[in-house]
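Below: a set of structures, written as structure tokens.
After this come two complexes, each holding chain A, first together with chain B and then together with chain C.
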Partner chain A sequence: MVIVQRKELTLAERLYLPEIFRGLSITFRKFFEKPITRQYPEEPLPTDEVTRGQPRLVVKDDGNIACVSCGMCEIACPAYAITIDGGETDRQIEREPKRFEIDMLRCILCGFCEEACPKDAIFMSNELELADYTRRGLIYDMEKLKRPKSALQPRIDYVYKINKRWRRTQA
Partner chain B sequence: MSQTPNPAPSSSPNPAPAPAAKPATIKIQVDGREVEADPKQPLIRACHDQGVDVPMYCYHPGLSPVGSCRICQVEVAAGPGQPSRVVAACRTPVSPGMVVQTDTPKAHETRRECLEFLLKNHPLDCPICDKAGECDLQDYSFNEGQGKGRSSEPRRKLEKRKSLGDVIVLDEERCILCSRCVRFFQEVTHKPQLTVSGLGSRSTIATFADKPLSGNYQGNIADICPVGALTLKPFRFQARVWNLSKTLSTCAECSRGCSITVEALRGKEVKRFRPRYNPQVNQHWMCDVGRFAYAPVTQPLPPEGSIVGGRLIGATIRGYNGLERVELESALAEIADLLRASSKPLVLLSPFVTQEEARAALELCASLGVAPRFVSPAPNNLKDDLLHTGDPCPNRRGLSDLGIAPIEPAAALTELASASAALLVGERVQALLGVAELAKLTTAARLVVLDVVAHDLAALDAALGVPTHVEKSGQWINVDGHVGVLNVAVPAPAGVAPLDRTLRELLEHCRAPAAR
Partner chain C sequence: MSGAQSGPTLTRQVFEYTPGTRPELDHDDPLHGELLKLNMGPQHPATHGVLRLGVTLDGERIVDVDPDVGFLHRGKEKSCESLGWHKFFPHTDRLDYVQPLMNNIGYALALEKLGGIEVPPRAKVVRVLLMELSRIMAHLIYIGTLGIDLGAVTIFFYSFRQREELYKVVDAYTGHRMNNTYVRIGGVYADVDEKVAAMIEKFLADFPAALDEIDAMLTRNRIWYDRNRGIGVISKEDAVAMSLTGPTLRGSGVNWDLRRAQPYSGYEEYDFDVPVGSVGDCYDRYLVRMTEMREAAKIAKQALDKLKTVKGDVLIEDRRYVLPPKDLVHSSMEELIFQFKVVTDMRLPRGEAYHGIESSKGELGFLVASDGTSKPLRCHIRAPGLMNIQALPMLAKGRLFSDMVSLIGSMDFVMGEVDR
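Take a look at the complex of A and B:
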């Protein structure tokens, strides 16, 4: 058995009100400071090139998709989120994806696909929001994934910078 | 030395595999191990037989060695303690007491130098190349190569998409001039069609007078190509090879029953048939007819709410409003009643049924008191002296061994026209009898069909779906008596049960007392 000795309260503490006023003074002071809460949907989080958002496919300046459906991202994906079916094209690069799907519910935003890609065709964008009414709607097809290269350029430059050691030329 | 597939006399009734006379062997030393080697075979075979991996591009066990790629170099000494030198293992005969070392710095150094020359002009388009993942050049570069090119000159530019006939596309840049394809046509089909033309770095593989390739064995050169220079047009860019599930199986297109591997994209969609080495049946090869026979095994499912127009799935009977899907049990009871009501139902098997399914059919027929027969169409004109037998019945030998008699389609149709009830069993049985002829049968005949494809036949009373030969396991006996094994490569669609199980369930219903 342990006998706990309660601390004797001082007179000021027993009066109760001084402590209330001390606490309220903090509360009232905060009313006049700049709020730190972010009003999220209206006021989105700032992102930069380091942000690893959802993967997106690069559309080159000539309007063609950079992907050749080599399957490297598909095999690198630890969540099995990517499915690619390739096909033949008349372009100089003989192969292009006919179906490129990323199941965004499975995607864990790890960035392995970006790292695996030998053609600089997939990059992590700064897009983070994901909502739909159906699961099928969150399996993104090629049309939903395509982004012009200019939109992804900051991230592309950043990836080149951090991978400078392993890359010989810059596209 | 060339190992042409035996054009064995296919008609001989029982060509028991000749007892392999043990060849006189000599003792050599491979990587410190005493091994027995066949003096008729080159050194590389002795190494491979011991499980020692010696890389090879121009050498192929089914073709004669030429020693053009020099990647198979190993260090060889005449005896222990003798001075050693690096030689090409594919062009070196074995000699008694030879000491072979495959894993020395000197051997690796020479291989690395070879690889550097091979990679000098090889385009680095592995992301596009269909061979990536099963490419010998990729594998050995990974094992032996130096990871970095020292050459600063641009790579040679040649034609990337040169069509060599209906089956093969040649990428001249990727070719490493191993000449396996050239030798294949010289030594296996004995109809030379390809040659190495041009000199030096401008050498390319070309057909004589730029004529397209012909013959039934063109697809094999894409298999033996160690790089992605020769690719199959139907398979081009269809799948990455590491996404293909590989299942051992047997070709269905003739009674030779070549051993094949069924390769299905993500285990679902058949994308490729490739030959599998079987010294007794097909060696390393298969014909193009069998190689590209995807259509019968990739039938689409019928449109939603429809019964015909694709695979026959589930149990179907003819009700008052035409064909309708019913529960399997009620369909089986219906079929059993129908068969028992007839005095002598006609039972026709497809030559595609396996031994297991044929035995189940025999049990069913014994209970019905009839003898089944299998539909045996006339030989087609594809017969050659290499593999194709011209007989489209893959299990003719096995069915004959079980005592099932063949019947010509024309005779079968005559009997069908007068039969009170008929049971057609097995893959492609309607196609072999002729769908148009079957459709002409009157509604008086009672027809039960167990097939892969659904056709709206006027006489059809009941139909059950069966799996194709890539969706079931079983055995076929080929023309020479060798067993060909079938394995489940892709799952059968929902509502399709194994045929032998269906037949045995039908047998239970036939034995049970009549429900009505």
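Take a look at the complex of A and C:
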């Protein structure tokens, strides 16, 4: 425990001129420093694989999406942003989503869907900007969500890297 | 209440009207001696959110204050009960939104106590590091907003500049600048890697000098001194009786810090001082918070050094609560079942647990009760800010209206947490 020091102001500290010059000496120094202002829309913040932007669906190299419409992301989503209607497919995986929508107005970019997906089908992209004229336009359907796997590859690698745990107990 | 207040006694003329007579009107006083009821807020820049204060004024003097909370009520406790254990984490971010990671950790600690989960040592160190950085973040907001309320706009920019550096650190670690949601039951989601550690190291190296600058601008500044000293004196007894916690309590000279009194996350291994005040006024609370930031930087430095020696996982290996690693899910049927189980139906054992942490505002506690299912039976959040607001009427009575701003600022509450 330390008791914080409080001292009465001295006469010099109560006078106007010395104090105003002392204060200004600090603020004026800032004139000679490099400005730190970022001109936002022209100079966006840098993004990297750690950035959790809007979730996107992975399109595999054969052109199909990896999703099997298991509904795990729908269940894991705390904002109820995901809506999936599953259906049958002739492909070997048997099931695929007929409708896959993420309401970007509800999505809080938490990344729980990415964690929950057992098929590596949904990943957080580095896309952050979100604007439209209508609400309906911000409910993204499958076409708007699809991204080639190569575009999401840095994030996929990153998620695999932070998922490297418990290796001692693996034979 | 203690007689710590020393304003002049109130002179109040009550306007009495008897029908048929014409009272003598004091034409200089437009209210003719009546009291004025003034609504401060809910949209007032100095009330730090949506707090409405019904202030009764006699001229410039405050006769009574009636805080009205609840404008930001979003039903967080009920959300927790309907969402389930894990899905409530993003909601904790939005309680005290200036220190999201601290709230995450508070909630996780309560759940871990309920489940009897022991967090790996490295996760504990990472958590301490995150908590102390969050504390600095929150106190910087306090300094900045109190500064802007009392007319020191420069301080707002200086403190937000430091906060921006912390945002960058947190962004590099979690991928978000705010509302991070990076703590999980049984640890934290990702490890602090070298790049992030280097950023924190750099921040901690520059921070004391930046704090000195703020210190030089404020602590001995006459306006700051006069507007904070002797205002809102809380005696030790009152502070304890009103169940104040955190810097507000310590400003009154009570040496009570949960990091010392009930250590969690391995705080007993760190070397730090708990600053306490001697008088209990706004100035003491300011000094306590300034010192606390320096101490927090010290603890963060120690945690950073510890990270170099304490190795291992940052998430517990317990497939009842923690998702299995991604690649194993692809190759093993059991892991896939665990994945489904944890996402859809993660249960905590039947029982009840309370865990309080020393957040930047005071004791932030989560009381969770479970009936053994995947949804909490009850989740209660003990918000330190709510108690701080309760002290306002006692402190404001008899003071000038302009002191109200210092008082609100020095109690340092965030309405997201108070109304929850």
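For the reader, a short list of remarks on this structure follows.
Please note the rule applied: the second predicted complex is superposed on the first by the 131 of 171 C-alpha atoms of A that agree within 3 Å, B and C clash if a C-alpha of one lies under 4 Å from a C-alpha of the other, contacts with A are read in each partner's own complex, and residues count from 1 in each chain.
Everything below uses one rule, namely that a contact is a pair of C-beta atoms (placed from the backbone, for glycine too) under 8 Å apart; a residue touches a chain by one contact, two chains touch by 3 or more.
Computed from a prediction, not measured in an experiment: that's the story for all the values here.
More residues of chain A are touched by C (comparison of chain B with chain C). With both structures placed on the common chain, the touch criterion links A:Y160 to chain C but leaves chain B unconnected. Contacts of A:R14 after superposition on the shared chain: chain C is touched, whereas chain B is not.
In the superposition on chain A, A:E115 makes contact with chain C only, not with chain B. By the document's definition of touching, neither partner reaches A:L24: not chain B, not chain C. In the superposition on chain A, A:L130 contacts neither chain B nor chain C. In the superposition on chain A, A:E94 contacts chain B only, with no contact to chain C. Contacts of A:M72 after superposition: both chain B and chain C are touched. Of the two partner chains placed around the shared chain by superposition, chain B is the only one that A:G86 touches, whereas chain C remains out of contact. Common to the chain B-facing and chain C-facing surfaces of chain A are residues 72, 75, 118.
Note for the complex: chain A touches chain C at residues 1-6, 9, 13-14, 19, 22-23, 26-27, 36, 45, 50-52, 72, 75-76, 78-79, 108-112, 115-116, 118, 120, 124, 159-160, 162-166, 169-170. By the touch criterion stated above, chain A contacts chain B in their complex at residues 68-72, 74-75, 85-88, 93-95, 118-119. Touching chain A in their complex are the following residues of chain C: 83, 86-91, 154, 161, 164, 171-176, 179, 181, 189-191, 213, 216-217, 220-222, 225, 253, 255, 273-279, 283-284, 287-288, 291, 313-315, 317, 323, 325-330, 336, 339-340, 343-344.
Across the complex, chain B meets chain A through its residues 126-128, 132, 160-161, 236-240, 242-243.
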